[in-house]
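Presented sequentially are two complexes of subunit A, the first with subunit B as partner and the second with subunit C.
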Partner chain A sequence: MENQPVLIQYAVFFLKAAGITLGISILSLLVGSIVGFGFSLLRISKQRVFSALTFAYAEIFRGTPILVQLFLVYFGLPIVFHINVSAFTTVAVSMILYTAGYMTEIFRAAIQAVDRGQWDAAYTIGMTYTQALFKIIVPQAMRIAVPPTLGQFISILKDSSLASIIGFMELTKAGMAVRAATSSTLLAFTIVTCLYFAICYSLSVASWRVELRLKKA
Partner chain B sequence: MTGSYTFDFIAVLRYWPELLRGVWVAAILSILTFLLGTAFGIFGAIGRISRRRAVYAVSTFYVELFRNTPLLVQMYIFYYGLDALSINLSAFTAALLAMSLNSGAYETEIIRGGIIAVGKGQLEAAFSIGMTYTQTLRKVVIPYALQVIFPPLGNQFIGIILGSSVASIITVPEITYVALNIGSRSYRDFETFLVIWVIYLALNLALSALFKLTGRIAFRPIF
Partner chain C sequence: MPILRTENLNKHYDGLHVLKNVSFSVERGETLIILGPSGSGKSTLLRCLNQLERIDGGTIYFEERPLAYDRRSVYRNRRNFGMIFQSFNLFPQKTALENITLGPITVGKVQRAVAERDALAFLEKVKLRDKAYTYPAKLSGGQQQRVAIARALAMRPKVLLFDEPTSALDPETIGEVLEVMRKLAQEKTTMIVVTHELGFAREIAERIIFMDAGEIVEEGLSRELLSRPKSARLTAFLDAVIHK
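Moving on, here comes the complex of A and B:
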């Protein structure tokens, strides 16, 4: 059993990498949601310019490959801003921009899914637009947005594998590194696949449960 | 800080023929993926509504496995993983297999949804006016299911095109691969990627408009 310490080392390496995949995905979801929420309010506003701009933003970032966006940030940031950026910054910036596009649409759809009567009721009791929006509509929209947001989180987790291309050490990159070091390709890929599956499938299950509960409510 | 960088798109556009070839490869790869993926999706959907436990279990496992792991890892397995088992696929074949199995998993759920949407009541109605099984299938089930699955299948095709950019990583010479190649020769990586950014966006906007139009013409409201 002299191999065991090495095995443990690899196990720790893989688990850490899975943690980084989770971490970068949570960061992208959080910041992307905040930006997306703001954009969704502009998107439904009556100001033509704001709604057109946020519509265009969502269409552009949802309508092009995340890999291309990643390369744009990778090549663009140093050129446009003359700063040397780390792989982490590149990945975080591109994934946040991408996620914000999707979250804009998720929140917009959720807000518009709230029954029109809720607005009327809020106005009837004398609320202003802002009051109605934040006190009545948004709380209900947030619940509607939970299942698609979980779905988006699963997408982000899977898309974060592309960060490996620019040398960011997350789960996929860890698999490639172990494959290169040990030449046991199949084992490395199996471990990587199982870890992604464990994370994403538990989220899928969580998403179904939430959806069922929302339907009952 | 900003402003000192001069953009040079002419340097990129000189490589236009190569970009067009990349678009062509991406188109072929995406169309083949969609066709194969739809075949997998039909089998998957039949399995997912089957009452036979084993068939249901196998198709459910297939769907969940491919929907809950990254496309990139799936491509690596078909390219490097099979290679380790001495099965040497070309990069294009490996990408096609990974992409169509991946798309098939999503299409399984789309097609299953379409079949379920044809309610029992419609079948009973068709039988009660004396339609045979084949007539019911041809005149009621398939037209209605097609109408339900057409919009999500269109979105799926657009998703396939976006995903085809990942094939660049295992060296399939599609748009993104060509862009990396041009970028390193022209030293204009940023401009090259801005150009293909627009290409992908234009492709998707054009296709999504086309699908909407087709849907409107093909599926005029029946009732």
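Moving on, here comes the complex of A and C:
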């Protein structure tokens, strides 16, 4: 029992790390969603330049590994702009940009999944494009977007483990640190795995509930 | 002076010629019925009138003024028309009342209280006063379509366009929708109705237009046209509809 304080120390360490993983994921989902929503509106716009640019954005960020994007920001920014970026800034910027790419597509698909007849009905009572979009289409699209957004959240949360590679102290990096300090590899990563699973599974359960409620309403 | 008149309307869709030199006119207070097999261009014609679709050639005159296609003119012209769709297209996240008041409040800049009082009167007219606070999902097809009619009326359009208003309905609820339309016709509302309900057409329309493959094949007074079709295509169409 003499090493109990040590165990508690490690437990706190792991939980803090899990909190950071969750926090950075929430941050990128929130900011990424705001950016992605704006981009999705440009993506469906009839202005070719806007739709082409946002299309390219979404495809590039979805079509390259987030690890490579992390490296590009981490090693690239100092070379190009002569600024040193902290691991946190690198991870936050990369994950936000990456999530924004996915959210652009999720919102675009959701907006286009709303029945065409809703546009017709909005137009025939005299609404402008902007009124129809924000008063009729977007509220319905938001509901459609909820399940894929929660899926995206789970996926970004797991992807955030890659931030460990550039030394960002999130859950995976915490596992590596404990492994180095205690040399009990199996235990350290079993705990890490359990924590990831606990978070992701709770999110899955939450998303099933939300889907069920959306179906009923 | 006709309220609405078209001259040689033409429209193409993915290489298909869906409207071919369509010319017709509607008088104020008239109910005009458009008949025709599916894919004959009837719906497209209606959607061109309120500019949900663009035309490739020809001119539409509303109150003898040719329609323009800049954004402002399009929005202004749409307010001359109310449209009722085959699939109702009510806003699912809004109650019957909110469906009706949305246009007057956001587009017409009418005060909420006034818009609601009006909406209740229109619901009364379509006999759904008791469903004011019900969501579309809880209404039958016939009820939804009557709310849709009330929604269109609330914008006080000069012409009502009906795009197969009873085609998606259960037989037992068709009557209640036709009933409302009959009343509107009696009140001399200007209506253009695309339908397959021949009995209804015979009863309320003075004139009928028969379209096939994007063109007007026959046009005439409803009784004559339905009982003595001149063209083989209309004869075949009437046979098919009656013996369905």
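The definition used in the following text is that the second predicted complex is superposed on the first by the 217 of 217 C-alpha atoms of A that agree within 3 Å, B and C clash if a C-alpha of one lies under 4 Å from a C-alpha of the other, contacts with A are read in each partner's own complex, and residues count from 1 in each chain.
The rule we apply is simple: contacts are C-beta pairs under 8 Å (C-beta built on N, C-alpha and C of every residue); 3 or more make two chains touch, one makes a residue touch a chain.
Everything numeric in this text was worked out from a predicted model, so none of it was measured.
Participant: Would you check which partner chain A:71 touches, where first means subunit B only, second means subunit C only, and both and neither mean what they say?
Facilitator: first
Participant: Should A:172 be classified as contacting the first partner (subunit B), the second (subunit C), both, or neither?
Facilitator: A:172 contacts subunit B only, not subunit C.
Participant: Which chain, subunit B or subunit C, is in touch with more residues of subunit A?
Facilitator: Higher number of touched subunit A residues: B.
Participant: May I ask you to decide whether A:158 touches subunit B, subunit C, both, or neither, giving the answer as first, second, both or neither?
Facilitator: After superposing on A, A:158 lies in contact with subunit B but is clear of subunit C.
Participant: Based on the superposed arrangement, let me know which partner A:192 touches: subunit B (first), subunit C (second), both, or neither?
Facilitator: first
Participant: Regarding the shared-chain residue A:127, is it in contact with subunit B (first), subunit C (second), both, or neither?
Facilitator: second
Participant: Once chain A of both complexes is superposed, is A:86 in touch with subunit B (first), subunit C (second), both, or neither?
Facilitator: Touch partners of A:86: none, neither subunit B nor subunit C.
Participant: Under the stated touch criterion, which partner chain does A:9 make contact with: subunit B (first), subunit C (second), both, or neither?
Facilitator: Neither partner.
Participant: Applying the document's definition of touch, where does A:182 land relative to subunit B and subunit C: first, second, both, or neither?
Facilitator: In the superposition, A:182 touches no partner, neither subunit B nor subunit C.
Participant: Taking the stated contact definition, name every residue in subunit A that is touched by subunit B in one complex and by subunit C in the other, in rising order.
Facilitator: none
Participant: Could you pull out which subunit A residues touch subunit C in their complex?
Facilitator: Within the complex, subunit A contacts subunit C at residues 115, 117-118, 120-128, 131, 135-136, 139-140.
Participant: Write out the stretch or stretches of subunit C touching subunit A in their complex.
Facilitator: Touch residues, subunit C against subunit A: 47, 50, 52, 71, 75, 78-79, 81-83, 85, 87, 89-93, 102-103, 106-108, 148, 151-152, 155.
Participant: Could you please specify the touching residues of subunit A with respect to subunit B in the complex?
Facilitator: Touching subunit B from subunit A are residues 59-60, 63-69, 71-72, 75-76, 79-82, 154, 158-162, 164-165, 172, 175-176, 179, 185-186, 189, 192-193, 196-197, 200-201, 204.
Participant: Within the complex, which stretch of subunit B touches subunit A?
Facilitator: That would be residues 1-2, 4-5, 64-65, 67-73, 76-77, 80-81, 83-85, 158, 162-163, 165-166, 168-169, 176, 179-180, 183, 189-190, 193-194, 196-197, 200-201, 204-205 of subunit B.
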